[in-house]
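Two complexes come next, and they have one chain in common, chain A, joined by chain B in the first and chain C in the second.
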Partner chain A sequence: MLEIKNLSTHFPTERGLVKAVNNVSLSLAKGEILGLVGESGCGKSMTLLSILRLVPFPGKIVGGEVTFRGCNLLEKKPAEMRTLRGQDIAMVFQDPMTTLNPVFRVGEQIGESLRIHGAMGKESFRRKYGENRKIAERKRVLELMREVGIPSAEERYLEYPHQFSGGMQQRALIAIALSCNPKLLLADEPTTALDVTIQAQILSLLEQINKEHGTGIILVTHDLGVAAEFCQRIAVMYAGSLVEIGPTDVVIEDPQHPYTIGLLRSIPKITGKKEKIKPIFGNVPDLAGLAGGCPFAPRCDFVEDACYSRDIPMRQITDNHQVRCLNSQGQNV
Partner chain B sequence: MAAAEPLVRTEGLTKYFTSRRSLVAKLVARQKDRLIKAVDDVNLAIYPGETLGLVGESGCGKTTLGRTLIKLYEPTSGEIYYRNQLVHEMRGKELTAFRKEAQIIFQNPYASLNPRKTVRDIISVPLRTRGLREPRIIEEEILNLLHRVGLSPRHIDSYPHQFSGGQRQRIGVARALALQPNFIVADEPVSALDVSVQAQIINLLEELQEEYQLTYLFITHDLSVVHYISDRIAVMYLGHIVETAPTTTLFSRPLHPYTQALLSAIPSVDKSFRRKRIILEGTVPTPLDPPPGCRFHTRCFAKLGDICTRVTPSLVEVEKNHFVACHHFE
Partner chain C sequence: MRLARILERILVAIPVMLGVAIVVFFFMRLSPGDPVDLMMGEAGSVSPREMEALAREFRLDEPLHMQLYHFLTDLLRGDLGNSFVKRKPVARLVREHLPATIELAFGALIISLVIAIPIGIISAVKQHSILDRVSMAGAFLGISMPAFWMGIVLILVFSVFWHVFPSHGRLPFAVGLKTITGFYTIDSILTGNWSALASTLKHLFLPSLTLGAGTAATVARMTRSSMLEVLRQDYIVLARAKGLTEYAVVVKHALRNALIPTVTIVALQIGTFLGGNMIVETVFGWPGLGRLVVDAIQRRDFPLVQGAVIVYALTFVAANLLADIIYTFVNPKIEL
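Up next, the complex of A and B:
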């Protein structure tokens, strides 16, 4: 359904060129949930924003292709992109407190995308919810609020965002995203600002949406646990590059890239006897003025001279397991 | 460990904050000041050399409890004993000694270091408090501390903004260590950090504990971290401690419904840990107006009935060292 090829987004800064998204290729099948994992500043969010062509100034998409249901989004006119956003591809942002507008009622904000995308003009919509636009909009919004699990929707419809708790605000955002039945949902750390018990609620809601509507989801998260439980495939990013991608079980149980291995070793295990966690030494590099070669090389245990000298190609390990590392076995892609 | 005298012990420790209404609201809407019951009737013991993990969701009073324990806040009622001495009766020299022994590492390494002071300034203050006067000795000691927490000597004249989050947290650790404390409250020391850096700080805290026989109260909402670092765990919900047990017991046999739900909600990379997820209804009620009886009854899936809404359950020892506050076990 979605195919990204060699996508690159660069930010010119005073300190040098920041390659926030560097040659990223990945795809998403219909109804699939893909986890995009990495630490802060590794380019996960920028990848999502690049798909929607919402990269903030001075960033620019400098190359690649984003094919969504047969057309290249990067070649579309701005007006075409606007109709697409929110209708076919919707996004749920990380921080619900700052994403909702504090001075509008929540019900109104959910109804807004119905109005903008002209969903209410459609024949099927009118048949289902009636001819009167105002009443139809209200009906659909209440239906959405119930679907995402906001209790006493009639009262909540009239409330303002500050009267909602964090979890409820996130549900409202998901309701906005779902309003036009998108084919693809981009979720940028949707549970990071929430407590674990609320996180569990939101994740199971997303799972349910995926099952019932067949919506494809790209879930950006820094929590490997979330990705492991929730996604069918996992893509790991480091310093703007995709370093490993594969089915969840393979990436978690048989990781090939030293960074993925390091990440998994840094997470304390909950079962079994206490195993000492092994941190990755050093820090995440500054993306400005990153030299060529493997960006992970300075922190890698298996580094060789060749790692610094050239850009490392993605290698195919098995059918759908790819790794960007010279030490891995497999064919260059 | 449990046979020893506790290093820190509380009896009925309570901390309320007042949420003041404006004069207008008082006069016009007849609203009264309201009490935020952050910590309510907490009995807790921390034994020398152990790490007690304190877990709970945001707003449950973990941080307030930690800060009250080291007298950063005055308790509203209840007692704190440090080495069997009443903390609120300490004066003068005794109090200074207590302040040196009980230290805190703050959650946010970006907000807890003064941006206008160099590392040398930041660490030399507690060293002077300790009684060091000679600049040469102070410098030497700072360098020792920096080395101990894994920073290089060239960092001594840098400002906080020149460091990454992980390095800043190391400065925070060095500052706490400078007073040669016994008891450290670590308030979410790793939650602002990336996973790969988080592990570095956790390992550092463990090494330091071994080296200086430190006692930790480790506050966190991250259950895999708390499982890794703690000897015992206390679970907090809306100002109350609902369960305490040794780590392995708590993870293998959680008894309180809240603990069960909390543990089941942890997303884990470890397949063998995954269990049937208990999805709790609703959100945590506000501590401004906590529900009567058992505070958890509004979300509980194992409610017994009337008694849960009327009577607050007290902590009872169900098996050795395993305490639960739930009517199922009274």
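Up next, the complex of A and C:
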């Protein structure tokens, strides 16, 4: 359904060119959940914003293709892009407290996407919610609020965001994203700002949406555990590049890239024998000063001279498992 | 709920007004210069007996505390007393001059809203553009220029050199407008006197510009900076991700938030527009309350100054209350 090829998004800064998204290629099948994992600032969110072409100034998509249901989004006109946003591709953001507009009522904000895209005039919605658009919109919004688990929707419809708790705000944001029945949901760390019990609820809500509506989801997270639990496939990003992608169990059980191995080793375990957590030494590189070669090389335990000398290509390990590392076995893609 | 709070605020204003009345009473009597002396000086040679009679008429021969007592008891009955100089009830004088001042304040308000807010928005949306630089430089000038100087320069350029706008007054006598409300713009519309309306607006322009320039500049800069702040917020990204046009994002989602600080400032400025326009009214010979008061102060016309200051205090209290009420409407997080 979604096919990203060699997507690159660059930010010119005073310190140099930041390649926030560097030659990223990945795909998403219909109804699939893909986890995009990596540290803060590795380009996960920018990858999502690039799909919607909402990269903030001065960032710019400099190359690649984003094919969504057969069309390259990067070639679409701005107006065509707008009809897609919120209707076919919706996004859930990281920080619900700052993502809802503080001066509008929550019900109004959920209904807005419906209005923009004239959803209530569409045949399927008309049949379900009736002819009168205003009444239909309200019905639909209340239904959405109930679906995402906002209790006493009738009253909360008229409330303002600051009257909602963080978890409820995130539910409202998910309701906004779901309003037009999107085919693709881009979830940018939807649980990072929430406490653990609420996290689980929100994630299972996303899973339920995925099952019931067949919505494809790209779940961006820095938590490999979350990705392991909810995603069919996992893509690991480091310093703007994709370093490993494969089915969840393969990436978890048999990681090939030293960075993925390091990430897995740094997760504390509560079962099995006591092991000391092994952190990845060193710091995330400054993206502005990135030279050629593997960006992970300075922190890598298996580094060789060749790692610094040239850009490392993706290698195919098995059918759907790819790794960007010279040490890995397999064919160059 | 909201109504109860508003009522509470109005009740709190009463002691404030009383305090203002007492302070202005003493300030006028503490300042050097005797109203009888000043009046007699104009009339030429007068006998001491005549002066005594006048002092008695104005109750200036009584002890200070009795004068204050009379002033306050009259005030509580709604009587502002009679002007020493004009020999008319102060209330009537204020009523005659207030429409001109309100009209001018309204003009200044329009200048500082209708012009300044769009400039602020465009400067923010097109940050670093030529338009942004020019308008912010203009705003800097607007803030820095004192009203007496700006007024004179405007008169010089637009009235003396170019003859585009009149320099003085509200309306020439020759136009002959039948006054109903005292607001010339409204009166000219009511009587269908279009030439009077045009002339009124022409007369209004330069004083309004002078009075509103400082606020307009502040509003433009403030709208710009809060707009820049708001445009960086996450909910703006969400608005775009919903598929809104850039216009709707800016005008609906960003502006409503960016205007919260601006609206408060403007509402507070209404008090200044009504009560801080003495200089502008003097420069442009505008027959409003400001000029009336300046005149009254020079002649030590105690009742007129007291009455006018009380009206000023009232407008300030009302403007503050209005600002608070508006604030609760634009910012749902705030309750009165």
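Everything below uses one rule, namely that the second predicted complex is superposed on the first by the 333 of 333 C-alpha atoms of A that agree within 3 Å, B and C clash if a C-alpha of one lies under 4 Å from a C-alpha of the other, contacts with A are read in each partner's own complex, and residues count from 1 in each chain.
One rule holds for everything that comes next: a residue touches a chain if its C-beta (ideal position, glycine included) is under 8 Å from a C-beta of that chain, and two chains touch if they have at least 3 such contacts.
Everything numeric in this text was worked out from a predicted model, so none of it was measured.
The superposed arrangement places chain B and chain C next to each other on chain A without a clash. When the two structures are aligned on the shared chain, A:Gln201 is found in touch with chain B, with no touch to chain C. In the superposition on chain A, A:Thr83 makes contact with chain C only, while chain B stays out of contact range. After superposing the two complexes on chain A, the angle subtended at the C-alpha centre of chain A by the centres of chain B and chain C comes to 80 degrees, rounded to the nearest 10. Of the two partner chains, neither chain B nor chain C is touched by A:Gln329.
Look at A:Asp223: by the touch rule set out above, it reaches chain B but stays clear of chain C. More residues of chain A lie in touch with B than with the remaining chain of the pair chain B and chain C.
Contacts of A:Lys278 after superposition: chain B is touched, whereas chain C is not reached. Shared-chain residue A:Asn181: touches no atom of chain B or chain C. With both structures placed on the common chain, the touch criterion links A:Glu112 to chain C but leaves chain B unconnected. Of all C-alpha pairs linking chain B and chain C after the chain A fit, the shortest spans 6 Å. Common to the chain B and chain C interfaces on chain A is no residue. Those residues of chain A that touch chain C in the shared complex are 49, 52, 54, 56, 82-87, 90-91, 93-95, 98-104, 112-113, 116-117, 160, 162, 173, 176.
Interface of chain C with chain A (complex): residues 233-235, 237-245, 253, 256-257, 260, 330-333. Of all residues in chain A, those touching chain B in their complex are 39-40, 151, 165-168, 195-201, 203-204, 222-226, 228-230, 252, 262-272, 274, 276-281, 283-284.
Residues 57-58, 164, 166-167, 194-200, 202-203, 221, 223-225, 227-229, 251, 261-262, 264-270, 272-274, 277, 279-280, 282-284 of chain B are the ones that touch chain A when the two sit in their complex.
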